[in-house]
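The block underneath contains the structure these notes are about, expressed in structure tokens.
Letters A, B, C and D mark the chains as written, and numbering starts fresh at 1 in each.
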């Protein structure tokens, strides 16, 4: 392999990648110090879409912050919805009915698949393959239709409520979901794996590129597929079971290689696992109410609590501090990509520009979620 | 040879029209092709099937201001797009469309086309350098190394063909392949030894790969590399400057397809002897090849510059040299045997 | 041994006072448990002695086991958790040496530095550590060495108490779950705290963010410039008295 | 060396497989919705901007001007005003302004309403170059609908 020959600082130049660049998926800016095509130093510059969600939370009631959560990670909005709901439910001691938990799991897993599908398409777009994006969108469209049917919106779902969900699901949704599972399973081998996963160009571009060791992950607090791509079997759904996940049978895909290909494979396998989870939930779906009795104005007792969920990109957690008022005293939102991106500076050193962009794509960044 | 003044003028008009129409409508073909591969329609609003879309695009590009950013090398910046077009059009002169439709029979037409193709690369180099943009500069550097790497295997495979045909005249090469598809150099069952027939498809693959790389098409679009270099050498270009680059790219594809058709698919020869040969066959072949170009572009992800160079230096060049050697041996053996 | 208990005792190194009292309490609890167990065994033995000779034999064994334990529980200096773990194999109802430590009682009023064991179901964390600013680096080091990673850093503005709080959330990726929150209280007028970014590089951005939002200075931080706010921002929006 | 040959063989094969996957797709029917020519029907639960529910009996609105929606709205884009006519116990709605520029379509208002007075519309073709077009007077809209 070619080893980068790093030269003296006065021979380098600074390349501003972004805030508007086709590969940064939004308004991320990476200040690259380059030596020819090699990166000497990479410094992500954030904050271009910072909206101060945490202050907004302090200014409204608990329920009023709800519509903000999907706006952070608009690709797996329901995970964020769930994380916030869980924090408030924990603080206020609300029990969620079983059926609501099942519905939450089904929808959140559908959302995870749609997020991974979009990532897959966008990642291939980073690598210069345009067609897979459209194939992924074809399948994703089915999920969006299903979720629109129950939640009423297509992207920034605000579907969960403290103590349940907004609306019950119906037969049309369950049959539609089953059809979708069948359809995606039939499409996965050819359109996804034959076309892309097995492609020699993709393999050559991803294998042994962007190696992230488990130590680096731990140092920077990386979670989600990035961590699992480094061989650590950590998933909040298994390690810190919430909702009905302990009752479900699913695996945590993890690959020890730690390169971009491992992260790619983790996500592809996760789609399959999510399908399994949805299938089990649909089989087990109990009856009953979907919303617990919750006072209209919520006033959790003073104190703080913590809740973490596995979003599509990693651990999303909320630290909620209440002072007995109807507004949160402080809400800290720990978004996964913020930590996942923070290791980029370290791994990008000495990498080719093209590889660095591939690695950045493999981290699956959603900028509004980083900037919050 | 007909020395009437009308012949050059007619051919000039003919070649220009062919080049112009192709340069404009291949964009439409590409968009339609991409659309259908991706299960969508592609352009459809302007004219029937969106056929007038290139016209609309052209009008739009022409009415825009040709912006020359501050700090660029003014002359080179303006020359580069023109340089992208000229060699491609000029190459058309040497291409035999059929036994009769031929602008100018040139003895060394193969050499001429390759010489012109190298000038085409200069356009990217100049455009990238003159733009005073870091992305463009990287693109320029990439395109040079890429073109150097891929011209070698391409020329070596062409030498194989030249050895088989004994001529560097494209017309002569095409004439040698007349009389049915088994005479074509892609799969020359007749006329050559069987062993030759086995290695020629590999030779074709090498040549085709190289022509994809030479024309800067995906998956080898290192120079443009949208998701890395924004638009590479075209980043700073707007209006017709950009338009000319695009047209140059499509014309290069046409030239590449023409060359492939002549070298490997018997030029204007019909696949079966009882069907009359003619210019239509040639056009059909080049459009089929262009469709493959489009098909490839919308199937694969982009390679990375070092992988690309590895492919050339470690795989294509050794293989093409081996084929060249084998061909020489086969020809010699045949000579001894007969 | 339970990871929570292990971590708790590891962290108690930082709080010698609490460690001493906890150790005492632990020993006392253990002595009580053992005494109970012995009493129970004796009672059983007595009850069973009336019955067949076989039963009497079994009761004798139990008494033996009971007698062995108090000797080991005696020296209070050594970490009681370890010693108690070895001490008894009999199931103990109140305090399980293999299990999680009991939930601490919420202290009244201002909390003094130390470790509280929290009810995970209600709070989402297992251990709640309050330490002084100069202990935070040591704490982070201890936790990192124990296999924890830093999940997030955040601040809280307690304007009524004229204090600022910095929270560090630690968790681990392997084995059983244990979430630790480390809190540090700082005076609101001059919030300064040493950085932990050289121990956990991931803290770098989190600390920058906290500095953005609260104006808390992380001493020794390599690059404390605004990360989410504009680079020329001189305001701290999450302060409770912030007006735009 | 072994890897070298495997790469070449496997690589060539995988490239042809790729072409084999995309090739047939070229001839399959398109799946995209030709939007302006074919207008999709919105789902039953689609959350458009809100509108006032028409009371079948009175033909007016169900709203009692309790102001719950106004309070529930996270972005305070609802302004409700009402007055008490002489001799009536109930308030009557006079003004219901929705500032759609701020609305995030969360549906908190509809949820908070105890009188079934507001519902989601199915409108989604909302585009304008003028900001004031998005200040909806829902009372007027209700009357227009009638």
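Just so we're on the same page, a contact is a pair of C-beta atoms (placed from the backbone, for glycine too) under 8 Å apart; a residue touches a chain by one contact, two chains touch by 3 or more.
Values in this document were obtained by computation on a predicted structure and should not be read as measured data.
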- Query: So which chain is the furthest away from chain A, centre to centre on CA atoms?
  - Reply: B
- Item | Rounded Å distance between chain A and chain B, as computed from the means of their C-alpha atoms | 43
- Chain centres from averaged Cα atoms put chain C and chain D apart, in whole Å, by 48
- Cα centroid separation between chain B and chain C, in whole Å? 70
- Calculate how many whole Å lie between the centre of chain A and the centre of chain D, each centre taken as the average of the chain's C-alpha atoms. 24
- Query: Got the chain A residues that touch at least 2 other chains?
  - Reply: 131, 135, 138, 195, 199, 201
- Item | Junction residues of chain D, two or more chains touched | 12, 15, 18, 21-22, 25, 31
- Where chain C touches two or more other chains simultaneously, the residues are none
- Message: Going by the touch rule stated at the top, which chains touch which?
- Response: A-B, A-C, A-D, B-D
- Query: chain A touches which residues of chain D in the complex?
  - Reply: 7, 10-12, 14-15, 17-18, 20-22, 25, 31, 43-47, 72-74, 104-108, 111-112, 120
- Within the complex, which stretch of chain C touches chain A? 121-125, 149-152, 154, 156-157, 167, 169, 171, 173-174, 177, 179, 181, 200-202, 204-206, 209, 213, 226-230, 237-238
- What residues of chain A sit close enough to touch chain D in their complex? 60, 63-68, 71, 131, 135, 138, 145, 148-153, 156, 158, 166-167, 190-191, 194-195, 198-201, 203, 296
- Query: Which of the residues in chain B come into contact with chain A in the complex?
  - Reply: 34, 37-40, 134-135, 138, 141-142, 218-219, 221, 225-228, 230, 298-307
- Which part of chain D faces chain B closely enough to touch in the complex? 4, 8, 12, 15, 18-19, 21-23, 25-32, 34
